[in-house]
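Notes for the one structure printed next.
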């Protein structure tokens, strides 16, 4: 393994001098708009990671400087900064512009052929041009997704129960360690890992050995990733790689990476819904890049982004129907998924601060009573619901919209009541010492009846509530992880208790 | 809440006078072709529900009058009426043209700013221009989908068992009430609700409070919806919203809203089949709007509509391969799904009239004997099968087609025999009082072994039969709800009986 | 039924004389390029199977002669022959050119209106122009997919257990015969059937009765089909029907026909991955027909074909990143799926020759020890892994790629260890005579605990390993057939043993 010499570096810089970058379709990007540093990056990376260079060349970042982006009318702007550092203003947003920001904060900053480069570009870096988005995001549950899972002892126990290695010893299943690798590709694949830097490491590349920061718990693009600069989140989770595409974030495949069945069946329900049908049938004629996103004009049925975070206007592009937000729960009033019972949205994205009546870090008690102090008020719920309905009413009548949400309200109640019935069965099993859980100070997630109980709320209850919320996925509400399964599994819980009781009697 | 005044109405009418409707792509629809009433509708709804106005502007309905549509050559016509009421003939098909029809029949007719408007446009209204389609549809099982489920005591019991609230009392699961809301979003989401009108109700809109008919069991677009004019069905189930799109109905996503796994896995099987592969790979180059639909020319692999209902011709557009039909079962001979055993298609869309030998309203007995009197004859079956094969033979050789259906015949027999084995186990459980069902005059769907039995025919048998019928989805026939599951679950039924017998012995 | 007369044949030949073939888009294919024989075929089949004629007209085969295809620069060639039989060189690749090859080898060769025609075109026939592809394919596990399943007594027993008819006799489930039809549409739908010719058979067509070879176990397009000329494989499995499309083979839907959950969840994992997200969001702008396939230029995220078999170059089209291969396992080092434990790829596509330490035809022992003699060496594994990583490194950094595969290595180990724990439970059940399996000389696949064990490796282990390998499908690794299910099912295995032991104790 030979480390690159000064000669090679000189050759690279000469290459940089010669390079002419071509945009797709043949129009060349004016050299003068690409910073000299980025030109140097491109000279090598065109050869060594050509895929991402091509990706970038198709992006808006390679086509436009912040200065020109800032000149657009308010509603058409994709950039929220009012002021941009002078050296970035008049060059396109290239490799160096992003990978060199805030070096003092970046533990992953390293010397790369004479340039100080960060491996990871964090939301804090993106905030240079997109401060509003970064700020909103930082307040969201998404930004805190790792901590909310990791630092909450209840969830932490569930994670450990599910993804730990197991062995069988003396007829018992024994939970063993959980590896960082498995954490990285299961729960924390979506929730995000804590990326740490462990010195430098030499990697063998096409041009010889080079030294790079040794990143631990990486690669990872989870929404709550803890970055080496201390910031939370990963913009690439939804705007992947070097395309920085608004189109991709607006298409439902992006959300579908994490929000899918059996636990969060948003994507599955969408696919089966009327909205999904219209999307799949006609999306080829829609405009996923228009800013603002004009209802009826640019699209004729909502995707996830329409209802949850895009800037939506009337067809004329002037009347705002919904403001853009990157605090993803902020349009929602009720929290349907992820926990045993539905409850009002939490006030803060960081849910580790919540304490229910029993002192547990959960938004409801074991029987469903909400920890109201930590959840948004009834007034705030009403405000958000009214705001949300405005989006529906772009296409649906007032009555249609009202009745739709009245149905959802009822479904939430019914499902919660079914879950309560299941919880009471679990409590009965614990009381009769048929299984060991909370009352015994034992893991409440690792026995058969406990697993059945988890299925009730995490899979089946969620499916029904999502099917109800997203207007029309009758199969998900019925036979596919729906009422059928909720009913069947409740029966299995009862059977299990009966069987264990009989065995205990003898 | 203020009710809209005459002044506001005048303002609206003035707006209507000023409005210029733009079609997508910028070409303006000739004002003279839009009726004055519809122009008034548009003036407001462009502001208040812009999404549906834009949707309509992209539709053929906004581009063409019935008079011009009727001038097309026979095979190219999308309109089956020979005569159209004079006042509709020369205007495009706008809001008022559809929402004002047959007011005397519509319990949901109401005064809307001086116009008599129906909230719901029913198949009977669409029949003004599309009488053949409406008539065919009215004879289909789809039109009767709600009644066939609701009025059949056996199915009614199954529905109640699955979607009712449950509570646990004294160690037993007690079935409680089923809400209309849950009915609406589960079984009857696809099958259709009975929409009733309960007087007027004031809704708060952007322009103040307005009074609208209070619709119960709505929104709903189920195929067998009972409309406030007494008609059955909902055209928007397959031609959604205000696009009235033939493309959408021909693309498989539409059928996929209801015909998906685990109970009716047509969509899942299609996705995994060779036909599906070709569709997904090449559909972007196909023409989903051409009438007639020319095999090879407009598409190179079938979608659901190709085989089941579209007007299909040879590439030249002159030789008819299959006539259009909106009676969806009418090309089929054997009924694969929905019931315990396969059987010939019923003679009538209304299946509540069927009585098997045991007097139950089912097309077969509990052991599979068909209620032949109510089912199509062997001759009719042969006629339909021969007709259907003509579609296959547009691309496949005669031998290919014959062998394909010989395979299906065998699969139907094998699956039915596996289901019979399962039924005999259930009967054994009942006979030995291990569970209480039909012989005890009790619910045959609510105990564990009964649920296992339902899975056999409703999920696993159906999957195998669909995989066989739709040429090529080996996984659905094998591991994904197929033979694997049929076999495994039969084993579980046997285990359950064994365990219960042992427990009873002691 | 009347057999076609000489008069009809004359009429057909006259039609052939008149016919003018139109390519899609209206440009006519030069008549002189279509062989007279193919012109005759087209004359009839345009009328009788118009779909496939249209399909062919859209294909490259109808547009270009081998002679012109051979003139392309090396990397752009889609044809690997260096020499083509003279009579085929200057005509486009039409019906007769393919269906008349090697008649002496084809048991399905027959007289069809004066022409000697093979019903099936086999890889050996395609080898006329594509010899490299045919040869590579012949060495792959795909080519041997039927034999590997059929001739291996262990797999054979599993197949028989899953897809045989069952009856219940004296409270026991009795395995009965397995029909050829069911074999054809389940396991061998993907693995391929042995197509046999059983004399001639008269079929009734639109133009009267004609005699054709009676093909048994057909239609089938399984990858390991045994053809009537003795060759193995079916090119139409991935290049379906008469489009012979490279685009289709490169799009993931083709692989998805067989590689999907629960047993081989490649497709499901891809859909949920970052790569899948980028594909679905942007594929409309990619070029799936370009040869070579240029990373970044023609596509911005990989499909199955990118990593597993396409010829991939840098954006300029000159620097080869990966050579084309039709030996599909040849880029892989570790074999993740299909068997109890992961192991190095087998040396030969024919895996029936493998013997493990216990003398069984399996690549590992029951406890995971590899049958190394039949598997590729550590050096070959390292070579392949290094080669594979070059593809990843077109877009990903060296460190990214290394850490990704280090994670996979760990996952393989952890999953194998979980499977071993499951196997030990099964062995315990056998030892205690709670179930009868290998030690009893009995079927190891037909009892409840055996079925549970199969689920562990065939469904859940595979899901986790695929999710790990394909970078990012956290749900498949966790809740959707992942760690959750592996854990839950291990618990069920333990419960089952406990219950059986208690019952035996009494």
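A, B and C label the chains in the order they appear, each numbered from 1.
Methods note: a residue touches a chain if its C-beta (ideal position, glycine included) is under 8 Å from a C-beta of that chain, and two chains touch if they have at least 3 such contacts.
Worth saying up front: this structure is predicted, and the values here are computed from it rather than measured.
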{"item": "Contact distance in steps, from subunit A to subunit C", "value": "1"}
{"item": "Size of the rotation, in steps of 5 degrees, that lays the CA trace of subunit B over subunit C", "value": "120"}
{"item": "Same or different contact residues where subunit B meets its copy subunit A, judged by the half mark", "value": "different"}
{"item": "Centroid spacing, where centroids are CA-atom means, of subunit A and subunit B in whole angstrom", "value": "35"}
{"item": "Multi-chain contact residues (two or more partners), subunit B", "value": "284, 499, 506"}
{"item": "Subunit B partner contacts - residues on subunit A that touch it in the complex", "value": "271-274, 276-278, 280-282, 284, 295-297, 300, 314-315, 393-400, 402-404, 406-407, 410-411, 414, 417-418, 421, 424-425, 467-468, 471-475, 477-480, 482-484, 487-488, 490-492, 494-495, 497-499, 502, 506"}
{"item": "Partner subunit B, residues of subunit C touching it in the complex", "value": "46-55, 58, 119, 161-163, 165-168, 171-173, 179, 181-182, 184-190, 201, 203-206, 212, 214-215, 218-219, 221, 240-241, 243, 245, 247-248, 251, 253-254, 256-258, 260-263, 284, 446-448, 451, 458-459, 499, 503, 506"}
